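Next come two complexes built around subunit A: one with subunit B, the other with subunit C.
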Partner chain A sequence: MVMWQKWFSVKGKSLFSIAFSLHRLTGVVLTIYLCMHLAYLTSIRMGKEVFESFIATTVTPQFLIFDILLVLAGIYHGVNGLRLILHEFGLTYESRKSILYVSVAIVLIVWLIASYRMYTFVMGV
Partner chain B sequence: MANEINKEEMHTKRVLEPLAWIFQLISGLILTVLVTFHFYETHFVSHEAMEYELVVSRLSSLGYKIMYALLVFFVAFHAFNGVRAILLDTNFGAKYPQVVNSLCFLAFLIAFGYGSLLLLVF
Partner chain C sequence: MDVEFRIRRFDGEKSYWQTFNIPVKRGMTVLEGLYYIKENLDGSLTFRASCRMAICGSCAVKINGKPRLACETQILEIGNSLEVEPLDNFKVIKDLVTDFEGFFKKHEAVKPYLIRKDDNYEEPVELIQSPKELHAYYDFTLCVKCGACYSVCPAAATRDDYLGPAAITAAYRFNADSRDEGEKIRLALVCGDNGVWRCHFAAECSEVCPKQIDPAKAVQKIRFKSAIETIKSIFR
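Up next is the complex of A and B:
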């Protein structure tokens, strides 16, 4: 099995291995988004009309689901990264399983708040 | 300690040089703050945050220029250093590490250069 295919395999994996696979997957997704975001920003240089037509296309209820999933990837990558940094410096190593559960809970809470905020932002509520 | 942690989680550390690994951690920490601020500024402050005039006014301010320049630098480094670690972890990367290193460094330069260019226009 090719290395990246292993990221999608869950059978027989520990929670830490799944967290590791998700960290790399979200990292790749965010890198692709970074390139798209930089390309998207080119529209600012093209003037108000071009920029606003991009905004009118992308800041819409149809795109909201992609934005919400992207934010989930970003929050997961950030929170899991902080967890890895803690362990790297030997902190909280004894309670690493609890820390993993806490970090998943933090991801879900922050994601729900951010998603609600994005929903009201796009819908103009 | 770090070397006791799950072997799979330490893949990235094993394939990167010590300095590149430490800088990956530092850039990750800095990005947590900068990306949160960027997201807050564009989605939480007001509904008008994405209007052309406000975007241009932010990009024209020195404080925002410095913040965005730092954001582009750290995000480009963190992203392509991470991609480099993934590629070095493959059979191809193990066989041709110089190719992987050069391509990722080039991608970092293009992303940082292009992002900075956008800031210089305003």
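Up next is the complex of A and C:
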């Protein structure tokens, strides 16, 4: 099994390894998104019409699912990153299991609220 | 009751799975199962074992995907089908035997012994230590160097020169010892990018440690100390 395949292997792994793998994967996703986002913003140099045509293409119900998944990746990466910083400062590793559960709960709550707000904004409801 | 042992074997050239069915009694360990296969079914099966009582750390293998000591893992606790593999992150020599030379070199590199300025072997003196001072490092003395932590470490998987959780834990064990005077020497050894700063806190090392030592805690404690020392050095 090559290294990247091991990232997806959950056999025998604890939740911490799964959290680690997800952190890396969301990091890759966010890096790709950042490059696309910068390219997208740069389109404004080609004129207001070009930029607005991009907006008209992406801020649509068809793209909503991708935006919602992207927000999940961003929230997970941020909250899990804060958890790691806390532990890496030498704090609370004895409670790391509880803190992992709390982090996942925070991610889900924030994601659901954000998804609802995005849904109402894009669908106009 | 018969239990199926699927063993990942390696003959020096190719790796393959081989299945054995063995009769199991209540209380029988995976190591006893491996000995049964070697003595009754296939004498060429190779594995490493010594004390049979979870002290030497020789028999660590991957059982159903998780590193464990074969001598303290009871077969029926796992189930009626077992997959036994050599540890990850180590070069396999034959079947379940892996090469620990690099692992022990890394352990040796962190100077895992008391360093004192007043060593006098002609007239040794007793070094007094309170129970509180003992408990500051005692848990970390229980490491049996089985390599389970190293085998699951994602940082060790992607960089050969990473010291790994066991060696850094050994460094912490001596740094936390009130009798030791070699903290600065050891910090210089473990605080590089191939030391504590390579750790990503996946914490899997602490999850699989058969002695429940919590190597991840030792790594973070040294990392924090390293950060403080680096900041202090700026103002010196």
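Please note the rule applied: the second predicted complex is superposed on the first by the 125 of 125 C-alpha atoms of A that agree within 3 Å, B and C clash if a C-alpha of one lies under 4 Å from a C-alpha of the other, contacts with A are read in each partner's own complex, and residues count from 1 in each chain.
In this section, a contact is a pair of C-beta atoms (placed from the backbone, for glycine too) under 8 Å apart; a residue touches a chain by one contact, two chains touch by 3 or more.
If you're wondering where the values come from, they're calculated on a predicted model, not measured in any experiment.
In the superposed model, A:66 makes contact with neither subunit B nor subunit C. By the document's definition of touching, of the two partners only subunit C reaches A:12; subunit B does not.
In the superposition on chain A, A:90 contacts both subunit B and subunit C.
With both structures placed on the common chain, the touch criterion links A:31 to subunit B but leaves subunit C unconnected. In the superposition on chain A, A:42 contacts subunit B only, with no contact to subunit C. Of the two partners subunit B and subunit C, it is B that touches the larger number of subunit A residues.
Residue contacts after overlaying the shared chain place A:101 against neither subunit B nor subunit C. In the superposition on chain A, subunit A positions 3, 14, 16-17, 19-20, 84, 87-90, 93, 96 are in contact with subunit B in one complex as well as with subunit C in the other. The touching residues of subunit A, when paired with subunit B in their complex, are 2-4, 14, 16-17, 19-20, 24, 27-28, 30-31, 34-35, 38, 41-42, 44-45, 48, 51-52, 55, 59, 71, 74, 78, 81-82, 84-85, 87-90, 93, 96, 114, 117-118, 121, 124.
Residue ranges of subunit C in contact with subunit A, taken from their complex: 62, 64-66, 152, 154, 157-158, 200-204, 206-208, 214, 216-217, 220-221, 223-224. For subunit A in complex with subunit C, the residues that touch the partner chain are 3, 6, 11-14, 16-17, 19-20, 84, 87-90, 93-94, 96.
If you check the complex, the residues on subunit B that touch subunit A are 1-2, 4-6, 8-9, 11, 13, 25, 28-29, 31-32, 35-36, 39, 43-44, 47, 50, 52-53, 55-56, 59, 75-76, 79-80, 82-83, 86, 89-91, 111, 114-115, 118, 121-122.
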